[in-house]
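Consider the two complexes below, in which chain A is the common component and chain B and chain C are the respective partners.
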Partner chain A sequence: MKLVREATAGTTDAGDIVVTVLPGDKPGITVDLKGKSVVLKQFGEQMKAVIQKTAEDLGVESAIIKAQDNAALDYTIRARTRCAIERAN
Partner chain B sequence: MKNVLGREFPEYIEGYGQVKPFIGAFSSYGERKTVGARRQSVKPASQTPPGEAKLCQSIEEVFDRVGARDGMTFGFHHHLRNGDYVLNLVMKAAAERGLKDLHVAATGIFGCHGPIVEYIKSGVITQISCSYISPGPVAKAITTGLLQKPAIFRSHGGRPRAIESGDMHIDVAFAASPTCDPYGNVNGTHGKSACGVLSYIFPDTEYADYVVAVTDNLVEYPAPPPIQITQEKVDFVLVVDSIGDPAGIASGTTRVTTDPIGLRIAESAAALLDEAGYIKNGMSLQTGAGGASLAVAAFVRERMLANGVVGAFGAGGITSYFVQMLKEGLLRALFDVQCFDLDSVKSAGENPAHMLMSGSLYGNPHSRGAVVNNLDIMILGATEVDLDFNVNVVTGSDGTIMGASGGHNDCSAGSKIAIVVSNLLKGRLCMVRDRVTTITSPGETIDVLVTDRGIAINPLRKDLLEKLKDSDLPLTDIKTLKEFGENLTGKPDTIEFTDKIVAVVEYRDGTVIDVVRQPK
Partner chain C sequence: MKSLMIVNANNPKILLDAVLYGADGIMFDLADSVPDTEQDAARLLLAEALAFLDYSAVEVVVRPNCPCQKDFELDILTVGPSKPCDFVVPMATPEFVAQAAALLDRVEAENDLPAGGIRLIPSIDSAVGVENVAAVIAASPRVRAVMFNAKEFLADLGAAAVGAEQLVYARSKIAVACHVAGIDSLDTPYTGKPDGLAADAGAAKALGFTGKVASDGKQVKTINAVFA
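Right, the complex of A and B next:
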């Protein structure tokens, strides 16, 4: 799947995550995750992996993904990532 | 060394001293001695030259007259909560005087005490001990190792025990006094900074070398009733412009949560209490002031009304909810250690059945019997609970200090049933863990965990398990709760800590139940 524009999904509410995707300028997916340190210290790597895998499963080959977390669970992260990618397509 | 809960620390902690390890919640009772107090007696007024009256003109004069010097311990209480000016005012003057190496022995530290971080950095303050601390600049300074000596967290009963036994000597106690006369009679329920009961400072007024009443409402002798601290306990009276910001002292009213998950948890807890036979005539109840804990009180109240039950007493920090239950005749008395809202301040000043209790009367395990010993039901919060029901209320799961024991381990030990109510997931964190970050209350004193995903009863409470075996309540076990939570959140990565001990957590009997190390 090719991204042609910047797109965002999600809210800043507790338990949600704002995912913004941009077309990448080189092959590969880079994920920049920000949020509360208490969450990121314990789950940051797992959450980044969820975003990465969701994008790969949708066939994205090149993207810059920025995420602002407010303690979302994996199913929310997957849904917001997918939605942002579909909107950017 | 390791204590019985498997927590490891050195036998001697620099800046704290020799460690007595925790050996069990009920292992320290028996004959106990208290220390003597030193006091300066006062001549009759006719024999007192001008300049020797109790009334001081400035904090500098107070420091002169108490012989303020490096290394002293100053006692403070936190009934002005997040509006307190007294601690900052005294420490600012101490810093300006060039005092060093002071120990701030406050019953509570709040966000409003941020200015003292500067004095921690400059070595004016090298030690802090407290029973409560809210997340904020001082908690952060302790977590990040700025304080020279480890902070000491004692419960509300543990602090008076430490003072009475001589473990902690208070050199000068500063009593925030909403109304005071020139001879040191203090009333807490009148005046522009009225905050209700002043009871956490009582051990200081009995055992400190000097007691200073700091007031912004000096009235003619004698101060109006109810007088809480009487003149024979007070050396000096200092008048300042303001002792606190009313907006930070008490909230207008405390409210029951409206969060449907919180209400569901509270409803389950009340149903469990009813089924287990705790809602009956003569019952007693204490809850935290958090929205979910208060909601349990609300549901218990409904069941009391429905069943025509009259309870003996409500205890602890008092809210408008308990005041209402007292007025309705659902409770015969209140034992109050701090007023959380304006209704309770008013009630404490007017209603003789709304009684103040000192920290020692509240929870001191080495007294002749604290009120927690008479408590049936205790509703508690928790940051984390482990598979043995040990509770953490001190640190977040990343090791950051965000609270202190308060009355948690006093009440859980004293009450007949101690129930922790909490959402299983807090944000992305599952509150049931293999191992809590810091133990505050031992699992042997925690009976039930009620969450939105089910109720776990401590296997030590065989009687409860038996009584509720046919119940329709969503009973499960704690391991299942943990697995359910971790399925949603994933397994947390381990947080790494340095070897530096930034805080020592004492159990209420003065043994060390855990330490807090500085996170990497």
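Right, the complex of A and C next:
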């Protein structure tokens, strides 16, 4: 799936995550995750991996993905990432 | 099913907490609770939640948009593969029930799910719905219950809501048709002052209803007690 514009999905509510995707200027997917440091320290790498895999599974080859977490679980991260990518397509 | 609690399908925290209220069923709303601009987000979130979270202790019901809107088909095709127990059919007519059943035939065939496993709960929201309730039930063997929406029914009639007595005919007709068909009947959500809930639920039970829709978690305990 090719990204043609910037798009965002999700909210700042507790348990949610705001995911913004932009078309990348080079091949590959870059993930920039922000959130509470205690959460990121323990789960940050796993959360980034979920975002990365969701994008790859949708056939995204080049993207910059920025995410602002508010204690989202995996299913929410997947849903918001997919929604942002579909909106950017 | 005694209690069926409505929740907003686009809120991750609500999706996580919904099982804690003791409701027999949870109705995840993709329609009225979700703004038009978030329809896509809600569908995807609910599909992921149903596949990821443990809802095995409750009956999972999904309320899609009206079959008269384009989001209806997307709602069923996106969330159906996550195997909810039932889909509501808003503004139910025999045609809309058949349309929903045909979409579920497709979802089940494409995802190797048992044919006929996902059931339907038509929502009676209009005067013509009340008059045709038996035909709505007969429109598909998937129909496992009927729910009543008094607010929309009265709006269709052009009648202001004044009390339970004006609902006797519609409630009786729905409860009797469901009893004859051997399926559950779920009364309209109660939206008045909290201390009136037990009496409203009791009035529905007295006419033959088997349960009631809860508009929030605080109503579940009372509804379960009335229909126990």
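Quick note on the criterion: the second predicted complex is superposed on the first by the 89 of 89 C-alpha atoms of A that agree within 3 Å, B and C clash if a C-alpha of one lies under 4 Å from a C-alpha of the other, contacts with A are read in each partner's own complex, and residues count from 1 in each chain.
Throughout what follows, a contact is a pair of C-beta atoms (placed from the backbone, for glycine too) under 8 Å apart; a residue touches a chain by one contact, two chains touch by 3 or more.
Being a predicted model, the structure only gives us computed values, none of them experimental.
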Inset, instruction - In the superposition on chain A, see if there is space for chain B and chain C together, and answer fit or clash. - result: fit
Legend entry - Vertex chain A; arms to chain B and chain C (CA centroids, nearest 10 degrees): 80
Inset, instruction - Quick one: classify A:D74 as touching chain B (first), chain C (second), both or neither. - result: both
Inset, instruction - Answer with first, second, both or neither: which of chain B and chain C does A:R87 touch in the superposed model? - result: second
Legend entry - First, second, both or neither for A:V39, with chain B first and chain C second: first
Inset, instruction - Based on the superposed arrangement, let me know which partner A:G10 touches: chain B (first), chain C (second), both, or neither? - result: second
Inset, instruction - Superposed on chain A, how close does chain B come to chain C by Cα atoms? Whole Å, please. - result: 6
Legend entry - chain B/chain C common contact set on chain A: 14-15, 72-74
Inset, instruction - Report the residues of chain C in contact with chain A in the complex, numbered from low to high. - result: 11-13, 16, 40-41, 44-45, 47-49, 51-53
Legend entry - Contact set on chain A toward chain C in their complex: 9-10, 13-16, 72-76, 78-80, 82-83, 86-87
Legend entry - Complex contacts: residues of chain B adjacent to chain A: 396-398, 400, 425, 427-429, 488-490, 492-493, 495
Legend entry - Contact set on chain A toward chain B in their complex: 14-15, 36-39, 41-46, 70-74
